[in-house]
Amino acid sequence: MMTRIAVAGCTGYAGGEILRLLLGRDDIEVGALTAKSSAGSRLGEHQQHLTPLHDRVVLDTTAENLAGHDVVFLALPHGASAEVAAQLGDDVLVIDAGADFRLESAEEWQRFYGTEHAGTWPYGLPELPGQRDVLAGTKRIAVPGCFPTTVTLALAPALQAGLVDGDDVVVVAPTGPSGAGKSLKAHLLGSELMGSASAYGVGGVHRHVPEMLQNFRKLGASAPTVSFTPVLVPMSRGILATVTAPLAGPTTAEAVRAAYAAAWADEPFVHLLPEGLWPQTQSVVGSNHVHVQVAVDAAANRLVAVAALDNLTKGTAGGAVQSMNLALGLSETLGLTTLGVAP
Amino acid sequence: MMTRIAVAGCTGYAGGEILRLLLGRDDIEVGALTAKSSAGSRLGEHQQHLTPLHDRVVLDTTAENLAGHDVVFLALPHGASAEVAAQLGDDVLVIDAGADFRLESAEEWQRFYGTEHAGTWPYGLPELPGQRDVLAGTKRIAVPGCFPTTVTLALAPALQAGLVDGDDVVVVAPTGPSGAGKSLKAHLLGSELMGSASAYGVGGVHRHVPEMLQNFRKLGASAPTVSFTPVLVPMSRGILATVTAPLAGPTTAEAVRAAYAAAWADEPFVHLLPEGLWPQTQSVVGSNHVHVQVAVDAAANRLVAVAALDNLTKGTAGGAVQSMNLALGLSETLGLTTLGVAP
Amino acid sequence: MMTRIAVAGCTGYAGGEILRLLLGRDDIEVGALTAKSSAGSRLGEHQQHLTPLHDRVVLDTTAENLAGHDVVFLALPHGASAEVAAQLGDDVLVIDAGADFRLESAEEWQRFYGTEHAGTWPYGLPELPGQRDVLAGTKRIAVPGCFPTTVTLALAPALQAGLVDGDDVVVVAPTGPSGAGKSLKAHLLGSELMGSASAYGVGGVHRHVPEMLQNFRKLGASAPTVSFTPVLVPMSRGILATVTAPLAGPTTAEAVRAAYAAAWADEPFVHLLPEGLWPQTQSVVGSNHVHVQVAVDAAANRLVAVAALDNLTKGTAGGAVQSMNLALGLSETLGLTTLGVAP
Amino acid sequence: MMTRIAVAGCTGYAGGEILRLLLGRDDIEVGALTAKSSAGSRLGEHQQHLTPLHDRVVLDTTAENLAGHDVVFLALPHGASAEVAAQLGDDVLVIDAGADFRLESAEEWQRFYGTEHAGTWPYGLPELPGQRDVLAGTKRIAVPGCFPTTVTLALAPALQAGLVDGDDVVVVAPTGPSGAGKSLKAHLLGSELMGSASAYGVGGVHRHVPEMLQNFRKLGASAPTVSFTPVLVPMSRGILATVTAPLAGPTTAEAVRAAYAAAWADEPFVHLLPEGLWPQTQSVVGSNHVHVQVAVDAAANRLVAVAALDNLTKGTAGGAVQSMNLALGLSETLGLTTLGVAP
C-alpha cells in the first residue's frame, strides 16, 4: 500500500532530510512540496542532493495544496505550524517537526515563546515508557526538539533506575548550525563558524529547556532543574551532549552501566557503546541512531552520560519518520536502518 | 538467496564503508572480517559506527579465514592484494579495492609503483562503454581509483562526442584525507588539515595518472596527457574535480550540454545537474551518486567539467558493490539508492 | 609621527582585517570607522575580536565623517568605492580594497562588471617589476584582487624568465568564503560549506579573470589566456592556487627552481619553499606571507606552480597595508611580520 | 639587550608556537632548537610556517646543546621535562610547557600521572592574585595546562567575590586536537575529527582535574569539586569552556557582571565581553587573549561562565612568553599584542 506524503517547508534542512529519508522507500509517494517565499521555483535549486525531485515545482503552503495526502509533514518555523495544522483534516496524519505542540504547559510556552499556546500533541519519542502505545494509530505527532531528544535519551535510564533524581542536571551540548535551519543570519555564515566554537542561549533561556524538564518529569523526576548550554562547533550536523547529574546515592560504575544496558537493550536506535568507547557524532551522522556512554565521577559525585545523534535525522526528520511508521502501523525501523557515515 | 561475503582489511576506511553499505541489505551475510596488525581485537574499536558488528573478533588475513565465501573484498595496501588474491579460488568473486589489478601496462605499473605487475582484472567502472557486459558474471574485479573514477566520469561524454580529444587535460581535485586511509602520518593529523588546503603529488607523479590516461584512451583519445594535482582540503570525504581540456573545434554550450545529457541520461548514479547548478561534494557524501556540470570557456578555448563524488562510496566501496551486483546478476543499484547526506 | 586612518566598511571582513593589522602599531591612530546599514551600532557587535574598539560607535559612510584623516581605507562593495573616493581630497591617501580602480581597460570593466569604468589607480602589488616606484608617494592605491595576487605571484618568475609565455594558463583555486564578505547568502551558510567543496564562477566568468590577464601582460605575455575555476572549501581563510602553463621550450626542474629562487630571493613576503615541501594555507593564515613551490610535469609539458596566501591578509588588508607603508615612505614590512598561525 | 633562547621540543606544536611568537621580536635571539627523534633534520620539514628557520638543523635534546642560553623552553612530554631540567643551571630561566612541575601535591601527581613527583615550580598564571610578584625574577616557571588556564580565568572572579564557593563545579570544554600535540594516534587523524564531536577523558580522569582544583583552592575554595569533560571538535586550535557552579547565595546578573568587570578591568589579556556577546574561539585564535562572559541561571541556581582562548597561545606558548617577560623584568605584553585571527 502506498502512503502519499506532503512536506510543507520543503526547501529547508528539516524538509530536505524528511524527503531524503523517504525517497529511499518504495511504499511512499511524494506528493505536494510547499514553501512560502520560494513557491514557484524548482526544488533542485534548494535541495541539490535530492536529484529525483530536482524538477519539482515548489508550491505555496496552502491548505489546498496540502489536501489529499495521507501524511503531511510540517517543517515550518514555530507559530506557522499551528496555523497550517488547523486547516488540515482529522483523518490526515499531521507530523509537526516544529515546536508548536511539544509543551504541555501553556504557561511555559508563553514564557519561552511569547505567543499563545497552540495545544499539545502526542510526543514523538517512542523510547519514552509507554510512548509506542500513544503513537500507534495517532493522527497528530509533535516531533521532539533535537536537544531534548539527545538529553532525554542520555539520562532516561539513570532517572528510571533512580540513580539520579533529576535535580541540578547540567548539560553542555556542542552542535552544528543545521539545527538553526537555513536562516540568513550573520552568525550562521561559514566564515563565522569554521575554526570556531561559540556558546549561545546561555543561562537558562534556550527554548528547549522546558521540554527537557517535561521529559525528566515523565521519567520520574519530581522537581528537576537543568543548566543547559548549547555550543556551535564547526560541523554541519550532530549533537554531542554531555549530561551530568548528582548521584542520588552510593553506586558503582558497573551498576550504572547495567542500568543503561538494560534500558536500551531492545531499542533499535539507541546503543550503549562497549566499555571504553565514547560517542562521536561522526558515527551517527546521516542515521537515526543514537550512541550513549556513561561514567561515574566519584570525586565529583556525579553521573556523566554522553550521547551523540544527528540533529536532522534522529533529532528531527528521522524521529518524525520513526513515529510516522508507528502511527501507520508499519515496522518502526522502515527506511531508517542506514548506519552513520563515518569517517 | 544469501550471498556470504568476507572483507580483508576490515579495520580501515574502505573496509568499513563496504560493510556499512552491505549491512543495510538482507541478501548479504557478513562472514569473515580480517586484518593484519589488529587481528584479535573487536571490530567496535575500529569501526564505532558499525554497531551490529561491534563484538566481532577481527581475524588474521589468511587464505583459510577468507575461504568459504561467495565474495571476498580486498581492502588492502597495494601489493598485499595480489598476494592474498593468488590464494583464493577461481570460483570466488574477488573484488580488489586496491590498485594491484587496475593497470593494463606492466611498464606503467613498474614506473609508478616500482614493483612487479600483478596482472589486469576486469575494471569496475560500469559507466564505461561495454563495461557492464565485461562485469556480468566475472569472478575478478579491479575497483577503479577514486580520482580516475571522478575524472573519467567528468570527461567521458566530451571524449566520446569528440568535443575534446584528450590531449592537454588539466585536472585539479580537492579531496578529503579519508582516501589516504587510516595511516598514521603527520600530514594526515587533524591539526594539520583543519583550516588548511595543501597540494601534494604535484607534477605528474601521482599514481592515478596512468589510470586516467588508460581510461581516456578507452574513450577514444589517441595520445592523451593530463596534468593532475590533488589538493587536501578540510573535509573527511569527497572529491571535487575540475577537469579542463582544449576544445577540439568550434562548439556551443548547448551542444556540450546536450552531449552530457545524452551520455548520462540512463545512468542510475551519474547526474548532469540542471543549468546554473555546480557540483558540491556535500550533495553526494555517503552515496554512490556523482554530480556533473559542464561549461565552455570560449576565451580560453577550453571545456570545463566539474564532478563531485564520495571517494569512499562511488570512489571505492560503492563502486565495488555496484560492480559486485553486476557480477552476481543482481540489480545494479541494490543497496546503493541512498542520496547524499546534505547539508 | 602618527598617521591617522579611517576605514569605510569597518563592519565587514576586509575592514576588520585592516583594523586588526593596524591595531598592533604605535604609529597609527584609528579615526573614523564607518559603514552604511550598521551606522549607530557599536563595533564590538560586528568585530568581536577587536577588543580595543568594542565601544566605538560606527558612523555613517559620508565624506564628512571620512574627512580629516591621512589615510582612508575603502572596504566597500564595488561601485560604492568610486562614489566615496570622488568626494575625498587629493592630499589624502585613499586605498581601495575593492575592484573599482584595478582594471585599465574600460571595456573589460564594462564586460565583467556591467557598469561604467571609474578609472585606474596605481596597482598595489609591490612585487611586480617597478611597482615599488609607482607606489612611493602615491595618493591613490587600488588593492589587487585576492585571486590575481595569488596567481600572479605563482606565475611571475616563469613569465619573466620566458619559461612559459602565458597562453593556455589553467588555474584552479580552493578558497574559503571570507573572500565573499559577510554577505547573507544561502550558499555562504556554514551548513552549506562545512564538509563540502563546490565550484563556482566556472567557465571564464569570474571577475578576477581580466585582472589576471592584465598582470600576465605586464609580465611579458603577449596574448595570455586563463581558464580559472575557484572552489569553495571548508576553511574561513586562505587560497591555494594550482597554476599550470605550457612550457615555452625544453627546460629542467632545476632551471625552473632557479628562476623562482632568483625572482623571490629578496622579497620579504614571498617565499619559495625548500624542495619537497608544498604550500599549505595553514602556514600563511593571518599573515602577509605567500608560499610558492614549482614543478615541471614533463609528460604533460606543463609547468605547475602552487601558491598559498591568506585572502584577507596578503590578499586584501595586508597587501593594502604593505602598499600604504610604501606610499607613506615607511618600512614596507611595518606591522606585517607575523608568521602564519599553524597548525 | 638581547635574550638568547633555546627550545627543546622544537618540532611539536607547542615548540612551534613559542618560536612563532618570539620570531616577531627584535630582543630575542633564537639559539639551539632541539628534539629527540627528528634530530638532524631541517626545521622546515616540521614547521613549514616558520620560514626564517627553515634551514636550521634540529639538534639532539642534550644538556650540552641547551647550555649557554638565557632562557630554555621545554616543550616535551611529561616526565621528559624533569629529566632535562635537572641538567640545566640555576642561573638559566627554565620554562616548562609540560605538566611536570605544576602540581603541588605529590600524591595527586602520583594518582593522575603514575610516576614520581618531580617538584613544584612557580606557576605561570600571572592573573592569579599575587602571582606577578612570584614570577618576577624567577628562574623556573611551570606553564599551566590549557584547560586549567581557561577554567580558572572563567571562574576566578566568582570565587574571589564569594559568588560561588567552588563545590560542584561542572565544566565541559570543546577543544581542538592541537592540544594533544603531533602524536601519531588514530583518533587524532583528520578523517576521524572533521565533521565530528567526541568526548574523551570522561568521569574525572583527565589529568588537568587536580590542577583546576589546586587553582580553585588558591582562589578561596575550601573543598572544591569539578566534573570535567573535554570534547574534541573540528578546529585545530581553541578551547571554549562552559563553567557552571552553584550560586553561594542570592545574587543578580548585575552583581555578577560587576564582579567580573572589576576583576578583569586591568588585565591586558582577559576581557569581559560587552553584554549580549558570548565568547567564540575564532576571536582569540593566534592571540594571547581570553574572552569571558557570565550569566546567572536563576531557575538552575547556577552561575554560568564561558571562556575562550587559544590552547597553543594563552593556553601554552603565549602564557609561557607572558611569564618569561615578567621573569625577565620586561613589559608583560611584549610580543603578545596581536589580536585573534577572525573570521
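Structure notes:
The letters A, B, C and D name the chains in turn, as written, and every chain counts its residues from 1.
In the analysis below, a residue touches a chain if its C-beta (ideal position, glycine included) is under 8 Å from a C-beta of that chain, and two chains touch if they have at least 3 such contacts.
From a predicted model like this one, the values you see are computed outputs, not experimental measurements.
If you compare A-C with A-D, the chain pair joined by more contacting C-beta pairs is A-D.
Using CA-based centroids throughout, the chain positioned farthest away from chain B is D. A separation of 37 Å divides the Cα centre of chain A from that of chain D.
Our note on geometry: chain A versus chain C, Cα centroid distance of 44 Å, whole angstroms. Contact of a single residue of chain D with at least two other chains is seen at positions 13, 178, 189, 191-192, 194-195, 234-237, 280, 282-283, 285, 342-343. Interface of chain C with chain A (complex): residues 13, 176-178, 182, 184-186, 188-195, 234-236. Of all the residues in chain A, the ones that touch chain B in their complex are 13, 16, 20, 23-24, 42, 44-45, 47-52, 54-55, 178, 194-195, 236-237, 271, 273-274, 277, 280, 282-287, 289, 291, 337-343.
The touching residues of chain D, counted against chain A in their complex, run 168, 170, 172, 174-175, 189, 191-192, 194-200, 202-204, 209, 225-227, 229, 231, 233-238, 240, 242, 244, 246, 278-283, 285, 293, 295-302, 304, 306, 308, 342-343.
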